[in-house]
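Two complexes are shown next, each including chain A; its partner changes from chain B in the first to chain C in the second.
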Partner chain A sequence: MKARILDRADVLKVADLLREQGYEVIAPFRGRGRDTFFETITEENRKRFDLHLPNPYYPPKRFVFPHMERLLTVQKKNGDLLIEPIYKETKRALFGVRSCDVAGIYHLDRFYLGRDFRDIYYEKRRRNLFIVNVVCTDPGEDINNECFCMCADTGPAARDHFDLQLMDLGDEIMAVAGTAAGEALFDHAMFKKGTHAHQEKRAAILNDVRRHFKTTTSWFSATVRYVSQGGVLEKTWEEIGNRCLECGGCTYVCPACTCFTVSDRQTGPDEIERVRIWDACALAGFTRMAGGHNPRRAVHDRRNRRFFRKLAHYFIQRELSMACVGCGRCAAVCHGDVGMPSVVEMVRRATTESDTHEAN
Partner chain B sequence: MAHKLTTCTFCGVGCGLYLETSGNRVVGVSPSMSHPANEGRICVRGWHVHEIIDAPDRLKRPLLRKNGRLQEVTWDEAFGFIVTRLKEIRDQHGSDSIAFLNSPRCSNEESYLLQKLARAVIKTNNVDHGAGVYSNYSLNVLLRMLGVPATTNSIRELGQSDVIIVDGVDLGRQLPTIGGAVIRARLKGAKLIVVDTRRHRVAENADIFLQHRPGTDTLLYGTMAKVIIDHGLMDLPFIKTHCQSYDAFLANVSSYDLLATAEICGVPAEQIEAAALAYGQAKSAAILYSTGIEAGDAESIEAMVNLCLLCGQLGREGAGIFSLTEHNNLQGVCDMGMLPDRLPGYGSVSSDAARGKIESLWNTGLPAERGMTAKWTLSHRGNGLVRAVWLCRYDPVSTAFIGEAAQSLQQCDLVVMQHLFLTPTAEYAHVVLPTTVFGEERVTFTSTERRIQLAEQVIEPPEGIEPAWLQLTRVAQAMGADWKYDSSAEVMNEISSVVPIYSGANYDNLARDYGRQWPCTREHPMGTQFLFAPGHPPQTFTFVPIEKSPQPVITNEEYPLTLVFGHSLYYWHQNVLIRHSETLKREYRMLLLDYPDGFVEISTDDAKRFNIRDGEKIRLRTTRGTSTTAARVTREVLSGTVYVPYFVSQVMQQLQGVPEKGVQLLPVRVEREAA
Partner chain C sequence: MRQTENIYLPKTAILDRVTDEIAEVKTFYWHFEDEAAQKAFKKFRPGQFAQVSLFGVGEFPTSLPPSPTEDQTFFTVRSVGSCTSALHRLKPGDKFGVRGPYGNGFPMEAYEGKNLVFVAGGIGLIPLRSCIVYALNNRDKYGRIQIYCGSKTPSELMYVANLREWEQATGVECRLTVDRTCPTDVWTGNIGVVGSLFKQAGVQIPVDNTIAFVCGPPVMFRFVIKDLLDLGFEERAIVSTLERYMKCGVGKCGHCCIGVAYVCTDGPVFTYEQIKRLGEDI
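And then the complex of A and B:
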């Protein structure tokens, strides 16, 4: 991948460049307290722009997979049914997606586009999305107690699946092009060739940043094995289920969760619209079948299923990507503290149960 | 694409969340990480509130019943009809022939103006909120014993409690954010004691689970008090300084016997003792109970507050009484005076002083006689006295505990309904005024931790639709009142001049912070995180000696189980809002799909004992009647009990007649219908 250097002061010029190319440029901005949001960059808010700030809680997957999306309308007219799809093809540039979230969108790409059925709604949004990854380098702002991209191997600097990557080197920023579209920006004069010193600085900063991440999820890969091999005790899933309040939050905030439901709503006497809405396997009704059978009625069965989908080899091989990116949002959103980090810890602790020692 | 911080309007937690809009549509929702009550977490209802706001079957035009059918009319015609009929009925049958009922989910502004319309314009005290049967126990007990009718502390303080008692409420279902706070407190080392007949999610996490027989909790708490006294763990300095009637309480408590109680309650004596000692030795202990239909009778609440006073667990972080409101504004509607015997701010309607103060603020005389409760209005039509009922966002046909709402409304000469959708109640309405949904108006709600918060406007309502508070203003003006409110903020300004605990609140300061917890006054302009902090004006609290608790249900060989009726556990299943989200509809109504003809719940043990399978038809028999329904077998229910969800009222009627109280216990026999 090609890399260039630009002055820190010029960072918003990159956003302007994208806007000139017809993109609506969206970046994270501070709200109240720790709350941060993706907002369109405007004349008014650009002076509030921060390269480093807490990662927006509402995950950026919603720009390709909205929380609620109108899919089509059906109208009854003169005995005919007129079906009109509703596509969203606005060009958007997300100016400031964390490496974990980049991996999340890649996982969604694999799920929605990577197999036999290509989701056309997802495709149209994704094709028009330009991703600018910002590397987490500020331990005070970018990284929090819940982050574990190191364990999921998705950060702090994404290695791929972005159009452009910006890394703060201090007075300067290193820009890395991940795609042809990203590289095309380098024609602009603000991008200068870098030197070996810049490469070394990047390596040093990343080395230092890696030290700021949680270490307890170093058991992460072992958990992947345990889950894949069905080695987690039923008792452990029950303990996890006892703390779960079935809110669905872990699924909704997860950058790599894909589930949805579809609803037809009457919008007029002869008209309906179909909407797609985020759904969660955490919820009891998710697997209820017509006739009443529910293979995952018990909450601990649903927790079991979730972590299997997140971690098992089968899915990693199928999607060529793991369904957990280490962003830590599930830990923040969970009422009973059974997000990924805690579950990894509980699985680890439970393995001592299977230790058998003979005293004599 | 925009987002705005607002307050969730489902349950009493009042979580902070952001509504995401695109154009004039609400397209998403996400939790606020910095909000002090929920700190980044919301429940499944909150996660789907955007679907409800966006529901296309909203009522768009006012409806008037003509020739037996509801037909669209103009706003002028609707208001004209209402005013004419109200005047006619008042002139012909008197002011007290009209009743005003609202939902405990109504905003402060519309609740305040509804009772003002009733009292200042129509001149009746027939005002109440839909949950009036149950929560008013708590309100009255707390006013009597503590002097303040609300939760004494804040939700996030549960992280500081070292002992937490959760009584009779399934937090995981009703107030999940608080359920989470309790679970996490326990993970941090707090001792969790759950007192309940049902083994719910939070109970699975309890250190001590006192799964007692129905109706025996008062006995349990009294006995715990005795254990605490026997071990000398009471806080005598606190009692001496602040409490009255201790001696009477002491005399009463001394008659409890731990072993006898254990026998009656069906709970091991060591567990009761352990719970008592834990509470008695705690540095900061919290007692949580619900004011929903789950609420026990007044005695059990008195017993809990007695315990709290006995150990001086008040006036510091993590120590206190959490009287949890299951509906988002149950606290607020009571603060606003939607009560037949209390004015805004809780002064009694029969007190000349309390009434006089508001009479001078409103510049009009007010009625002094206690009004009718919601229950009385909707089950007996005030013994035939009520001719007209105004329902603000209230759907009693679906949600009223009382089984006769439909019948009563049918007999009324005028039923005015303000709502969002055509609810089952609309069938009995003469006029329907569609109004604004969450997100279409800027109004306030007061959460269970006394937090007065703004719910913001993020989209424009459909054309012609106005907030309920504005519709009430128009009606009052048309009836000759000189009301003038150009905005909901102005209504709040008046509220703050009438209700002392709200006197320091206004939309500016509420918007600047995460609302303000009352008392929010000149002395406490930033609000009050917890009540009764030392150094503040000395408080006097009152013990209440409890007469011997009623004997629990006597079961015998012929009627071996106890029937328990009336649990708000499944309230949200009937709520009209839930039906407007595909996901919530599925989650909540799944039970109704699985058991389409209704159900009662029995334990897995009893199912084995009586050879009953899940879903099977069973026959229930009491000394007074029989009923046939489906059985739902669940390990949540205590062996020896049969649970009847409150909305399965026909079962109760068949077995006993119209239920009189919040908790009704009967000895019952259960058989397979096929047998």
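And then the complex of A and C:
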């Protein structure tokens, strides 16, 4: 991959350059409190977006898979049905996406474009998306108490699946091109050739930042094995289920959750539209069939489901990517403390305890 | 770049006629408005399913009871939820949406040369009807064909005209049973659960080189599986189709997952051996 160096002050120029090329550029901003959020860069706010800030809870997933998306409209005219798909093809650049979220979008790519069927709605959004990844280098701002990209092997510096990567080296920024589209930006004069010292500095900073991750889920891979082989006791799932409040928050903030429901709504006297809306396997109605029969009744069945989907080797192999990217959002929003790191820990504890031998 | 097909886009279908089956269950004969769509759809395999759209209400998955060897396309649907009730309200000439066919279907080619035993309970005959008709229309390709069909009462037997026809036909052994009768019923046949047919005098179920198709309510399914295993059937020689709440039918919405399998794309046809290994109850 080609890398270039630019002045710290020129980061804004990169965003401007993308805007000049016709992209709607979306970047993270700070709210009035601790909150941060992704928003479109405008003339008015262009100087306020930040490279280092807590990763927004609401993931950038919605720019490729909106929480509500119109699929088609149907008009009834003289007894005929006019069925028309609704496509949105906005040229967008996501500026300042963390490595975990880059992996999240990659997982969605694998899921929506890589299986038996391709999803045309996702494809149209994704094809027009330019991803600018920012490496997490500021332990105070970028790393929170919950994230664990080290264990999910997605960060702190993404190795792939971005168009352009920016890494803060202090006074300067290192830019890495991940695609031809990213490399094309290097034609601009603000990108200068780097030296061996820049590379060394990058390595040193990454080495240091790796030491600042707080949540260790070093049992992640072992948990994948236990879950895949059915080694997790029913009792453990029940304990996890008992703590789930069934709010669906974990799936809502997850950058790699893919489930949706479909609903029709009346938009005129003879016109309806069909929309898809994010859905959550934590919710009781997720598997309820017409007539009321629900094969997955208990809350722990549904918790089991979510972690099975995320951790079972079968699914990792099927998508060739894992449905957990280590962003830690589920842990941050869960009132019952059964986000991914806690579940991994509970599975670890239960497995270790069941390992004790009786002397007689 | 290859043009991606929109997997969520239904095509307009026209309802031709409706016939009553049993209480709350009707058969809907339909065809696509577009001739090419009809032709493409007709390549479905027994055991596959389709997504039916009642615009403004929603979409539901339903099995395909016709055999691809038959001329007409139809669904047999029980009115249970909002979408199925909306379908029941349609009149001939009304338009609705259909997309599909989806799912793996029964590998009927792979079963050639084998005996086929069909065991159906109640409306479980709907998905099995397709393979039964297919097998009978390709009679020389299969060994013995047996049909064991049961329902709660005589008035709840599905596809009665077909059942009578199969009872009379040569080259197929068809036996019916009901759990109970009402005083008003005229029923001279067997009374008892489907499994009780297996023990009737004169019944000989081939086990070697045989595929057993089982479809019906969960309780019936459990008991029939046990009976078949006791008879000596291998787990992989027993096949069934599963049903789940579904939104997309193409492996994206996530609703129909059972353990490791998506019922829509990995199924709905599974062998009992696979069902046992899904990692979640069916």
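By definition in this document, the second predicted complex is superposed on the first by the 354 of 360 C-alpha atoms of A that agree within 3 Å, B and C clash if a C-alpha of one lies under 4 Å from a C-alpha of the other, contacts with A are read in each partner's own complex, and residues count from 1 in each chain.
Simple rule for what comes next: a residue touches a chain if its C-beta (ideal position, glycine included) is under 8 Å from a C-beta of that chain, and two chains touch if they have at least 3 such contacts.
Here the structure is a predicted model, which means the values were calculated and not measured.
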Field: Superposed partners chain B and chain C on chain A - clash or fit
entry: fit
- request: Please work out whether A:R288 is in contact with chain B alone, chain C alone, both, or neither, and reply first, second, both or neither.
  value: both
- request: Report for A:D35: first if it touches chain B alone, second if chain C alone, otherwise both or neither.
  value: first
Query: Who does A:R309 touch here: chain B (first), chain C (second), both, or neither?
result: second
Message: With chain A as the corner point, what is the angle to chain B and chain C based on their C-alpha centres after superposing, as a multiple of 10 degrees?
response: 80
Message: On the A-aligned overlay, A:G178 touches which partner chain: chain B = first, chain C = second, or both, or neither?
response: neither
Message: Quick check for you: in the superposed arrangement, does A:Q266 touch first (chain B), second (chain C), both or neither?
response: both
Message: Quick check on the superposed pair: does A:G328 touch chain B, chain C, both, or neither? Answer first, second, both or neither.
response: neither
- request: Once the structures are superposed on A, label A:P66 by its partner contacts, choosing first (chain B), second (chain C), both or neither.
  value: first
- request: Based on the superposed arrangement, let me know which partner A:D337 touches: chain B (first), chain C (second), both, or neither?
  value: first
- prompt: Touch check for A:G194: first (chain B), second (chain C), both, or neither?
  reply: neither
- request: Rounded to the nearest Å, state the minimum C-alpha distance from chain B to chain C in the superposed three-chain model.
  value: 8
Residues on chain A lying within both footprints (that of chain B and that of chain C): 261-263, 266, 279, 288
Task: Would you tell me which residues of chain A are touching chain B in their complex?
output: 26, 31-35, 37-40, 57-58, 62, 66-68, 242-249, 252-253, 261-263, 265-267, 273, 277-279, 283-285, 288, 292, 299, 332-337
Task: Sort out for me which residues of chain C touch chain A in the complex.
output: 4-12, 55-60, 80-84, 93, 95-97, 243-245, 247-248, 250-255, 257-260, 265, 279-282
Query: Mind pulling up the chain A residues that touch chain C in the complex?
result: 71-72, 74, 76, 79-81, 83, 85, 111-112, 115-121, 123, 230, 258-264, 266, 272, 274, 276, 279, 281, 286-291, 295-296, 301, 305, 308-309, 312, 314-315
Field: Residues of chain B defined as touching chain A within the complex
entry: 1-3, 5, 18, 20, 27-35, 40-44, 47-48, 50-51, 54-57, 172, 176-177, 179-181, 183-184, 187, 201, 204-205, 582-583, 586-587, 590, 593-594, 615
